[in-house]
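Provided herewith is a single structure, encoded as structure tokens, for subsequent inquiry.
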Amino acid sequence: MKAEIKILKKIESKAFVLVSGLPGIAYIGKLSVDYLVQQLKAELVGEVYSKYFPPYVLIRKNGVVELLRNELHLHRDKLAGDIVFFSGNSQAFSPEGQYEIADTLLDWAVDNGVKKVFSLAAYVTDRTFDAPRVYGTATSSELLEGLKERGVVPLAEGLISGENGLIMGLAKKRSVEAVCLLGETRGYQTPSGHYFIDAKASKAVLNMLALILNLKVDMGPLEKQAKGMDEIIARMADVERRLKEEMSASVKKPSYVT
Amino acid sequence: MKAEIKILKKIESKAFVLVSGLPGIAYIGKLSVDYLVQQLKAELVGEVYSKYFPPYVLIRKNGVVELLRNELHLHRDKLAGDIVFFSGNSQAFSPEGQYEIADTLLDWAVDNGVKKVFSLAAYVTDRTFDAPRVYGTATSSELLEGLKERGVVPLAEGLISGENGLIMGLAKKRSVEAVCLLGETRGYQTPSGHYFIDAKASKAVLNMLALILNLKVDMGPLEKQAKGMDEIIARMADVERRLKEEMSASVKKPSYVT
Amino acid sequence: MKAEIKILKKIESKAFVLVSGLPGIAYIGKLSVDYLVQQLKAELVGEVYSKYFPPYVLIRKNGVVELLRNELHLHRDKLAGDIVFFSGNSQAFSPEGQYEIADTLLDWAVDNGVKKVFSLAAYVTDRTFDAPRVYGTATSSELLEGLKERGVVPLAEGLISGENGLIMGLAKKRSVEAVCLLGETRGYQTPSGHYFIDAKASKAVLNMLALILNLKVDMGPLEKQAKGMDEIIARMADVERRLKEEMSASVKKPSYVT
Amino acid sequence: MKAEIKILKKIESKAFVLVSGLPGIAYIGKLSVDYLVQQLKAELVGEVYSKYFPPYVLIRKNGVVELLRNELHLHRDKLAGDIVFFSGNSQAFSPEGQYEIADTLLDWAVDNGVKKVFSLAAYVTDRTFDAPRVYGTATSSELLEGLKERGVVPLAEGLISGENGLIMGLAKKRSVEAVCLLGETRGYQTPSGHYFIDAKASKAVLNMLALILNLKVDMGPLEKQAKGMDEIIARMADVERRLKEEMSASVKKPSYVT
């Protein structure tokens, strides 16, 4: 059971842009991509499963369970062309798993006509600011120049951890162009250690992405959606804290009975 | 050496219900399934082995060693139909292992005609109660409605960790209906950190399962069996505490000699 | 690169006994098997390599490096028949690795005519004793009865961790008879946390094994050999303590430079 | 996705020497090999990728991202013959990964005509010294004798951890001769726990290697290059310390949102 992409519908695209936003600091990537999927009514075309996700199932508000997974949504845009959105409720649990999932995704993307990859993430600063900046890196200097012209602040000499970073690096290995847009955030956390969603940073990133892709999105409902997610995260953080004991008990201290 | 199902006897069932109960909080799932296997004199039809179990062997009361494993028992019931029970003396050690074993089990179950999966587990509350509730989740709202009608209290917005949860999620991925029944417990632990067996919670879960499956089981000897298990667990907990040092010594600090 | 058995010489045996003794508490198993290999001038017939060994190489007294590995030695005895000894300078690093190596070994053993497995190990007690006991477990009650008749004290309700235990359990899964003989020891450790070699416990185990297998071994040089090993272990423990920092530095904190 | 060698150019060598220097204590191995690659204008002929590298991408000074990887450079020397240099920005993250990468590399090397392996590393002493010694180990006594004649101080009874050590051990397993040259260093670390580059130790190692291989290298710019690397490492260490929190957050505490 390796990372597995279950294709629900062949996308049949000659060239598409892949936009990835997984849960991470301040949920900027995830909020951005989830918001686009909703606003653009993008179609669910695939699901990604892996044994490298954390070992639990979620219970939804309606009492129904859901396995952790990532999802692929397709949006065909008259101006921006075909876009596939990649998001989900979790990153992989282990380093090897993060490589496996990013790698499996890119294999599929290359086989199906990807022409460029955008990864949306967060960049924590302690700068005092009115409006968050959008930082950026890319797989080539030329790409980065194009970003700078649009107002993206280039990063230098650092690293981007997790799948949001690996997707770029593994794209470059396949000679696929990739860009990472990072929303400036303070990275505030709840007392239980979970990030607050930063809707403003997400909005800044989305505005930049829309500009680059020539995509029209109504940003109105974004903050409202962020607020809804914030409440869910707060509740989930409580649950997780309580269940973390169980989990470590069942995973780390194996139970046995004669 | 992946997770391996050693089939001792082909079950030749047109449609069966899979009832899973692995060791976990308060041993509710394990006690329930072990009790049913014993009371119904279900037949051992398969064994599940994996390198993801903890790396030791058990020594039984009679001095004979036993590899950690899970077991499949078949019961053919005139009213309830065919039931396969899944239990054992351990869950997998690592997250990947928990996925692997649950996945391997469900591959076998789907190939052999499973029509529904029941997972039995525990739900810790700090509510003061006379009689423990039975909580529940399911893979669809319709299923959950049926549970509610029988008195199951639906859970919402949480998570179920370990194989007891993954079995449901992986069933849903395969379009197999699944239900989790969770016995309410206080989750008391021994000084050495092991859960006390909660026979009352187990009884509540079993009564609900019997009602749903239309299964007749004599609940008389349950508390006696639980008491027997409690003594064994206490003894094992002592042994485990003492041997944990050895184990971590041999596993984590690799020994070597020139 | 799975666990790999490099056969140096086909053993061509119709039926052999496998005697396993890996490094563990008080080095009883390893000392016993190494001693037999030396005294009986058993022939090196195979080497076992695995990525699950700890990630370093040993430097011998003469400055020459050696990869960690396990070894198979063959002794053809007029009275006892063919015996294959399994030992080496390390157990696997991870639980999965311990399963993999024990499993690979038993696949080879079954393919080549193994009829019984003996695992030599340690049993820590805090009993005051003049002569160490030999404890035992087995894969069947009949086998255990035979051990008891020879003076072995049966264990009950415990567990045996690591490869010394898994070898028995995995043998039983293949319907191969297996016995574990455990020398009683206090399990004393050096200040740096390494076990002292317990030559007396090893001698007790070897005497019992020789009795069971009808094997003649001169026990004279055993304590001398143990003393030699003790000095080596003390030196190695020093080196290991010093190098442990390096190792955790290079393994856990990955180094990188632009 | 196992460790993968992407060959950019067939080396077509009848017999070559492999010189390996990965990041480790005091960056002696890496600095040495990077310096030789630069001074000798060795040609990039291959890249090594693996899911066992740490899960992040580097951002270069120019804002462009780079996946972690190891590299193979070829230098054809009139006197010294063909030399392939192996280096990169990281060792593998896990023990299994270190075995996998070293093993994959040696498979390629043996298939392509390697005749001897040199591994360059560090040896920490607390000796007061004017000039650092060069210590050594080898896969045979004969090789070690040759080293001693040239002034290398032989090591005895220790261990060499990480890929720098495994490369030797795995070479020996394939009957390929291997030597490890270790530069004497104090192993000083920055307050944030990173090693200072030890250019003097690197120079000592390089002089010895040049002597053995009959290779002419101008050692002039070495200290200057080391100084440049030192500044980069200091900056990276700052970044890493800041990002380590993020990384452990995204890897260890899996994020999820309903």
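Chains here go by letter, A, B, C and D, matching the order in which they are written, and residues are numbered from 1 within each.
The definition used in the following text is that contacts are C-beta pairs under 8 Å (C-beta built on N, C-alpha and C of every residue); 3 or more make two chains touch, one makes a residue touch a chain.
Remember, it's a predicted structure, so these values are computed and weren't measured experimentally.
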item	value
Fitting chain B to chain D on CA atoms, where both chains share a sequence, rotation angle to nearest 5 degrees	180
Centroid comparison with chain A (C-alpha atoms), farthest chain	C
Interchain centroid distance [CA atoms averaged], chain A/chain C, Å	49
Chain B-chain C separation of Cα centroids, rounded to whole Å	35
Touching two or more other chains - residues of chain C	53-54, 58, 60-61, 68, 93-94, 157, 232, 236, 240, 258
Sites on chain A touched by chain B in the complex	1, 6, 49, 51-68, 93-94, 232, 235-236, 239-240, 242-243, 246-247, 249-251, 253-258
Footprint of chain B on chain C - complex, ascending	23-25, 27, 30, 53-54, 58, 60-61, 68, 89-91, 93-96, 98-100, 103, 124, 136-141, 144, 154-163, 165-166, 168-170, 172-173, 178, 180, 193-195, 229, 232-233, 236, 240
